[in-house]
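Dropping the structures in below, format is structure tokens.
Each of the next two complexes has chain A plus one more chain, namely chain B in the first and chain C in the second.
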Partner chain A sequence: MFSVILQQGINGIVLGSLYVLVALGLTLIYGILVQINFAHADIVTLGAFVAYFVAQTLTGNYVVGIAVALIMGGALGWLINAAVFAPLRRHGSELLPLIATIGVSIMLQNAMLLLFGPIPYAFNTPYSSKVIHIGPLFFTLQNLFIILVSTTTIVLLYAFMKFTFLGKALRAVSQDRETAALMGINPNFLIMLTFIIASALAGMSGALLGPVLVLTPFAGTSVIVKAFAIVIIGGFGNIEGTIIAGLIVGLIESYTTQFLDPGLIDIAVFALLLVMLAIRPTGLIAEKHAENV
Partner chain B sequence: MQPSLRIPLLLACVTGSVLAAATSLRAADNTIKIGALLPISGPGSYFGVQDKQGVDLALDQLNKTGVNGHKFDIHYEDSACSPLPATQAAKRLLDQYQPEVVIGEECSDATLAVMPLMDQAKIPLLNAGSSSIKITDPGNPYTFRIMPNEVMQGVDLATNAYKRLNARTAVLLHENTNAGIGNAKVFADTFEKLGGKILEDIGFGRDVNDFTAIATRIGGLGNVDAIPTYTLEGQGLKITEALTQAGIVKGGGGKAIQLGAIWLPFGFEQKAGKAAIGYIRIVQFDPTDQRPAVRDFVKNFKTKFNSDPTHLNAHAYDQIMLIADVIKRGAKDAQSIRDGLAATKDFSGVTGSVEFDKTNQNIKMDTIHYMETKPDLSWESLKWN
Partner chain C sequence: MSDLSQIKSSRPIPPKKFITPRRLCFLVAAITIALLPLIFPSSYWRTNLIVCAINVLLAIGLDFVLGYAGQLNIGQSAFYGIGAYASTLLIMKLAVPFWVAFALGVLISGIAGTLLSLFAVRLRGHYLAIASLGFAVITYQILLNWISLTQGPLGIYAIRPPPPISLPWLPPIVFTNLTNLFYLIAGFALLVYFIIDQLVRSPIGETLTAIREDELSAASLGIDAPKWKAFAFAVSSAVAGAAGCFYASFVGTLVPDAFFITESFSMLAMVIVGGMGTLIGPVFGAILLTILPELLRGIGDLRLIVYGAAVTLVVLFIPGGLVQAIRVVARHVLPAGAKFEARS
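This part shows the complex of A and B:
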């Protein structure tokens, strides 16, 4: 039984790492813009499709697929911000960009439906079929790869936000956009940068999630609801909180499956969300920090 | 123009228009309008895409000459394999298109949701893909089902698992829908009655993507002989992969045999790869069947779509052909189509034969075919029926 408990721990950490990657982009945009981006899920899905076609039909190289998905995500983030969100922000309404994210989401979903069709794709990578057995424990090379890439990304993002000038400028904009502008920081440039980074993360997480997800044009939707829950549990806009919350949700899913019933997963996750909102509405870590990002 | 000519000319124009409209109405009267409630979006959309191919092929053939002076027209609505969108789609279909007969839905929850609307509108609903027993038990005068229901499939599958595969333990895997729960229950009841033991009954939502945790739980149960699985294609793929990675099923070096019902399309095994080896499942169509109708269907399908037909293509084709058969027997409106369907005896389709009982359930079992995925990912027809 101990090995099963340990195995479910591994399963939970792998799943949690994937959720963290998706949630990081969401929390980044919320931290800087105080805006929820519903189109994030669809950039994740598009990242998965891009990686699929690059890896399976064009180059045969999964790592190249991930890189192209990351670049595509960043480029799409820039385009969406420039074409949709930036003009709407000039109107000064908070509601318009929020509704626009829903519009962009529906547009992307239908475009993918047209391009890729509704039938599920089987995204197999060279790592997804290689199973490593250590005693009674098992995991795929893909699982290891996911944890490795997630950890590296989190460390790089954390270092960028804490130690670089641009990262510090982003944190300044998240605290007070007007004062940051008075200090010579260009908020519009930084907002664009935020969209690019968050969407690049979404594209990359899609490439990693692709082999795990039921890959259809609606794939991201099934993950994004959990990602929203993770962002709220972690503290909207808080990177450390998001990481911890993502891993907690992954572990809750695994252990609920083992000891209760997989049908209760959503109830368990959203019960945690309600408890957090009731007793600690600022999230797991937000209260300890002056700023979120 | 002279004023004296204006009135006759105007009358001639009006008369001409009325005659044209009347002719058009007569033409419309000769057209049998078929409504199609199919999942075109969402996780069950592969049903809709493949059903549409079968329908298109049948209509191409029928509309070349017509049947009893009738041509056929079809209008599709996306019912998304889910009760709410299905209900909305059915209302649109009934209000705007006003069909004489409707085909669909594929998913039981969606079919159960639209049945009262069809009953109220007195429009026959011909179903091919939903297995829940609730659809025909206690029965509804306007709903007909040509595929075997969950009891017919489940009893057969459990009996074969116990008697032919010598399975004594099983774990049930199913989505938490009417069809998923119902199919699993029938299997469990039959299997236990025969002396088998159900080790676990594991249900899950349609939003679950990663089945490693479920595979781990099954792996911790010890000796599992059979894993009947009731889910749509996308989740089915992920389950099979996870069971393989955990070394539980044959594809992963284990001994458990995954069993499935009429849920997965052909081509599943190519997507799942070696994970699908040893998977035994029911399909509603055997393309190796040597009956001339089946050979013609396979040939014509290949010509039109440049691919082999699946059982989803086949049962959609049969739905249209059955409607045409009823029209051939003299039906021309919704009520006579309903009555004609109810009177159907020994209709021979490409999936098998059709004869409805008093609950409007097809009682013929020759629509059940078993197949097993071989190591080269081809499949073998098991000829168990």
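This part shows the complex of A and C:
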């Protein structure tokens, strides 16, 4: 029994660390722009498909696939910012960019449906068949790889935000765009940079999630819905909170699957979300944007 | 002097005349509804007309809470689903008469909407958006997983259309006939439009708008914002519930996928493309976005890509929706001095 709990704990953390990568992108964009990018989900899906084709058919190298997915994600994020968010910024509306990106999401999903078809793809990486046993526990090399890559990415991102000049400038813009601009920081450049980083993360997490997900053009939707929950539970715009919340959601998912019913995952996650909103609407770690609650 | 005549009083004096422009518009709308099935005799287009009527109902219901009360509700599919499943289950499991089940379905959706408004009391903007999205996800998952009640993904089959209405001296009106069903749903939509139109032009509408514009100032004027938010959510979700009930009796089968969160998004798109915060806008937004994919059937799989592109482009270039587009066109086309007001 104890080993089952431990085993599912490992699985939950693997899944949770991927959710963290997706949710961090959303929370970075929210932090700097106070906008929601609904097409974020489809960058994840597209990242998975790109990695699939690069790794499985073109080069045979999974790491190259991840790198290409990362670059593709960054490019798509730049495009979405330039085409949708930048022109809509002057309206100052909360709703318009949300709807516009829902439109983008419908476009991307159906374009992928046209290209890749509705049948799920079997994404096998060289690491998914190698199993490591430690006592009663086992995990695939893929799981180890996921934890390694996502932990490295999260640490790098955290260090970037805390210690580099650009990271500090990013935080300055998300705290007060006008004052940051007065200090000589170009907010438009930093917003663009945020979109590129966030979307590159989404593309990469898609490449890592590909072997875990049922890979169809609509796979991103179930991920993004959980990412939204994570972002709110962690506190919108808060990196530490997002990391903790992402791991919690990953654990909820694996324990619900083990002890209850896989169909109850979303119910459990969103029940937690609604409870959080009812008792502590500022998220796990309260920071800013208190005007929303 | 002419400028003074253009200043519109926010609460016009009730007209003494029997025929007013507004009443004339309702008459025109009623005649249009009566004529539409005659213009489109094929059952394919009559089916689309009914889908249009249901979507119009959904769009004006959502617009009431979104456009007038300013509450960012992106989980409207929950109430649509609750109305559909509640009324259908009452009919199929408890043999409740259709119209009683209809009323109860509307009531249950309204109560669910009031429950969501408890969150709206504390949350604003995107937090409310995600909370409502969560509400819709939970509702969808319950419909999918409570198999003993809803039969989950297998769905509920053989739902009967509304029972015939018999009037004296006339043959009974049966609703297996698409034309009659269209008259019923479109007539109901017109009634709901009339009621919401009265509501938003009454002091209640001004109260909701005050909450939308600035909740703090509204509170300082003695407006009980939580109460009025609950009211807006209740009305909006009740309308969605009614649409769900009609949907079930029209389609004849219910599966949870019909009430997935993407359904909320298409309702949002209808409201935004039409023109949020006006009532006539969402009506045309709903009709346009229902008909557009049908008209695009010729281009096959590309049609949903075009649909997504259309939604994005409208938001980017005419953020006020069709209503704004018509206003701009009217300003340029109509002779100077001619006054054009979109009926909101």
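Remarks
Rule of thumb we're sticking to: the second predicted complex is superposed on the first by the 281 of 293 C-alpha atoms of A that agree within 3 Å, B and C clash if a C-alpha of one lies under 4 Å from a C-alpha of the other, contacts with A are read in each partner's own complex, and residues count from 1 in each chain.
One rule holds for everything that comes next: contacts are C-beta pairs under 8 Å (C-beta built on N, C-alpha and C of every residue); 3 or more make two chains touch, one makes a residue touch a chain.
Just so it is clear, the structure is predicted and the values come from calculations on it, not from any experiment.
Taken together through their common chain A, the two structures put chain B and chain C in a clash.
Contact with both chain B and chain C is seen for A:V225 once the two complexes are overlaid on the shared chain.
When both complexes are overlaid on chain A, the residue A:D266 reaches chain B and chain C alike. Contact with neither chain B nor chain C is seen for A:F49 once the two complexes are overlaid on the shared chain.
Of the two partner chains placed by the overlay, only chain B lies in contact with A:L213; chain C stays clear of it. Once chain A of one complex is fitted onto chain A of the other, the partner contacts of A:L113 extend to both chain B and chain C. When the two complexes are overlaid on their common chain A, residue A:I99 makes contact with chain C while staying clear of chain B.
Looking at the shared chain after the overlay, A:P87 reaches chain C, while chain B stays out of its contact range.
In the superposition on chain A, A:V34 contacts chain C only, with no contact to chain B. With chain A used to align the two structures, chain B clashes with chain C at 150-158, while the other stretches in 6-14, 132-140 or 150-158 stay clear. Taken together, the two complexes place residues 113, 225, 261, 263, 266 of chain A in contact with chain B and also with chain C. By the touch criterion given at the top, residues 1, 4, 7-8, 11-12, 14-15, 113, 117-122, 124, 128-129, 131, 133, 138, 140, 212-216, 218-219, 222-223, 225, 253-254, 257-258, 261-263, 265-266 of chain A touch chain B in their complex. Per the touch definition, chain B reaches chain A in the complex via residues 40-43, 45-46, 48-49, 176, 202-205, 207-210, 212-214, 216-217, 219-220, 233-235, 237-238, 241, 245-247, 252, 271-274.
Of all residues in chain A, only 30, 34, 36, 83-84, 87-88, 91, 93-96, 98-111, 113-114, 221, 225, 228-229, 231-232, 236, 261, 263-264, 266-267, 270-271, 273-274, 277-278, 281, 291-293 touch chain C in the complex they form. The touching residues of chain C, when paired with chain A in their complex, are 66, 72, 74, 119, 122-127, 129-131, 133-135, 137-138, 141-142, 144-145, 261-262, 265, 268-269, 272, 276, 301-302, 304-305, 307-313, 315-316, 319.
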